[in-house]
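Each chain carries a letter (A, B and C) given by its place in the written order, and its residues are counted from 1.
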Amino acid sequence: MMADLLRVEGIGKTLGGRRILNDCALSVNRGDLKVLIGPSGAGKSTLLQCINCLIPPDEGEIWLDGERLDRTNSAELCAFRAHVGMIFQDFNLFDHLPAGENVAIALRRVRGFSRAQARERALTELARVGLVDRAHLYPAQLSGGQRQRVAIARALAMDPRVILLDEPTSALDPELVGEVLSVIQELARGGMTMIMATHQVEFARVLATEILFMEHGVIIERGAPEALLAEGRASRTRDFCARLAEFRIND
Amino acid sequence: MDSLIVVINALPAIAAGGVVTVGTVAVSLALGFVLGTPLAVCQVYGCAAARRLAEIYVWFFRGVPILVLLFLFYGLFIALNLPAAPFLICSVTLGMTSTAYQSQIYRGAIQSLPKGQLNAARALGMGDKTAVACIILPQALRLSIPGFANEFSILLKDSAICFVLGAQDIMARAGFVAARTHEHLALYAAAGLLYFALTHIVVKLLLRLERHFRIPDYAVEGGGRS
Amino acid sequence: MPDIAFFTQTLLPALNRGLLVSLSLIIPAGVLGFLGGVALGCLRAFGPPPLQRLGDAYTALLRGVPLVVQLLMIYYALPGLGIYFEPYGAALTGFVLCTAAYQSEYVRGAIQSIRKGQMQAALALGFSKRGAVIWIIVPQAARRALPGCGNEIIYLIKYSSLAYLVTCMELMGEGKVVASDTFRFTEVFLTVGAYYLVMVTLAGWMLRCLERRFYVPGFGAA
């Protein structure tokens, strides 16, 4: 019906009597990097989790490659999630498995790879994020930045058509942010389709194909970064980013 | 209704048994505290030989069932010509067992303290004895209160077998009335409830004690079987 | 002077007989109690709220009342309701019911200690809910529950001696008969104690081997 890779429309969610999301719509084309920006509690994270139904949306429709997702069909939902990678703010590596197994387990148990195939693929993906020599280490033995890179490798191993990134650098110490951002930058340059919530404005300015600004569960502005963040432009996005920058300096 | 009347009539006797039970447990806990604290200090700071001896003590008392220990101590009391009063034997047996368990609680608490505490005390010129008594133990014992509450509830339940040596505790009295009236169900249920209530009341009190002594934002250890 | 004949001809044969009975109490009670504990723990963690509360109440009651009371009730009080048990059956039933309550506490604690994100990450990778539980949640919960559940087995070994109080002639009971006949309490119960020490030490050693086998750095008790 349309050329968009992933498209969501009319997503709404009410939790505990509070309206968290209201009529959110977005679509991504192959190779897009869409960045969600907005204050904490704006609903960025909820929107991302609604897109792969970790939080089932109350209303709205989701299409992947023009096919509408039937959320009530659990097999279809699992297959959909296997095609949509997710990176969490707090990594969520499987605590009982070493890095290599973290990447391999879904290949084996979801995609049906043999142990050897999965292992080989896991090492390839770990090499891609520069951690092939850490495959035998457990999550607790890795730094925050390394953990997030393993999480990215774990998502990549599933050959996702699109990756959702939920503030991937927010839980990291400042000196570790760079190593994760540079991996994401590599992916963007390589043409990976991504939707990312972040507070890294500079990163968004340089790499985003579109910025979506969210507040109170609604996407209130959207546009190319050069348009939204242009000098002298009176946009909510620009105000917010300016305040973020000010805060950084005062820090 | 008959069973209810039997229980009501037996209440004074069971309550008197409750006094014996609580007395036994109190004496044992106290003995366990008095012996368990130095045993813990010895396990952490003692010389190799002392540590080894303490380990063997703990291994023995944690590995042998209370029931076996009770009869063993009964035999020892007779062999050594000590007064074989049930209350005394039971208190000593439970007390020495509790010593082993309590020493583990205090040892864990001491080891959970940061190394810097002892160093800081030494740096101020304190001898090791003073440092342990004035700096380490006050902190470690605070951390031990939840474990101590746990130990109390285990000991209270373990004490319910003291009747085998003739102690006139809750179980002995309930069993005695049950044998005469054949109201086993009602009397053992009453005894069970009494143990249940005693555990909860005392554990509540101990946890209140913990809050009383708590230092704001100080980490607390817990866990184990209760 | 230790009387060798007393040991080899009277005490040890009796204790070995008792040991077999003890083991035939401990092993089934351990297995059934563990399985019951897993079921009860899962019920208390995942079940519908009314059943959760029922499970909590059962656990609180059985953990709050001494095991002796439970055993005496099963053996002496249930016949009043028309339920009769052999000594062995009464002891085994009491052990299973009680140890399941204790085990459920560790199982429930372990399940609840698993961070919510682990489930989410698994679902996000395309695991089905069942797959996520089998491949991600259970391996973690099992590691967390292992020390507690293993200790519970060790407690069971020691508390199996209470079977003597319902006249089940296991290790403790056989010892008591010899002691009463010969009035050699010290020797007899030192020996009985040694039997239990060996069992407990062996079980503790096996538990430590298991813990080492499944050790994961940084993944300790919650």
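Rule of thumb we're sticking to: a residue touches a chain if its C-beta (ideal position, glycine included) is under 8 Å from a C-beta of that chain, and two chains touch if they have at least 3 such contacts.
On a predicted model such as this, the values are computed, not experimentally measured, just so you know.
Nearest to the common centre of all protein CA atoms is the CA centroid of chain C. By C-beta pair count, the most extensively touching chains are B-C. Note: centroid distance chain B to chain C, computed from Cα atoms, is 21 Å. Centres computed as Cα averages put chain A at a distance of 47 Å from chain C. Here the spacing of chain A and chain B, counted between their Cα centres, is 55 Å.
For chain C in complex with chain B, the touching residues are 61, 63-70, 72-73, 76-78, 80-81, 102, 148, 151-152, 155, 158-162, 164-165, 172, 175-176, 179, 184-190, 192-193, 196-197, 200-201, 221. Residues 49, 52, 54, 74-75, 78-86, 88, 90-96, 105-106, 109-110, 138-141, 151, 154-155, 158 of chain A are the ones that touch chain C when the two sit in their complex. The part of chain C that touches chain A in the complex is made up of residues 115, 117-118, 120-129, 131, 135-136, 139-140, 143, 216-219.
Listing the residues of chain B that touch chain C in their complex gives 59-60, 62-69, 71-72, 74-76, 78-79, 153, 156-158, 160-161, 164, 171, 175, 178, 182-185, 188-189, 191-193, 195-196, 199-200, 223, 225-226.
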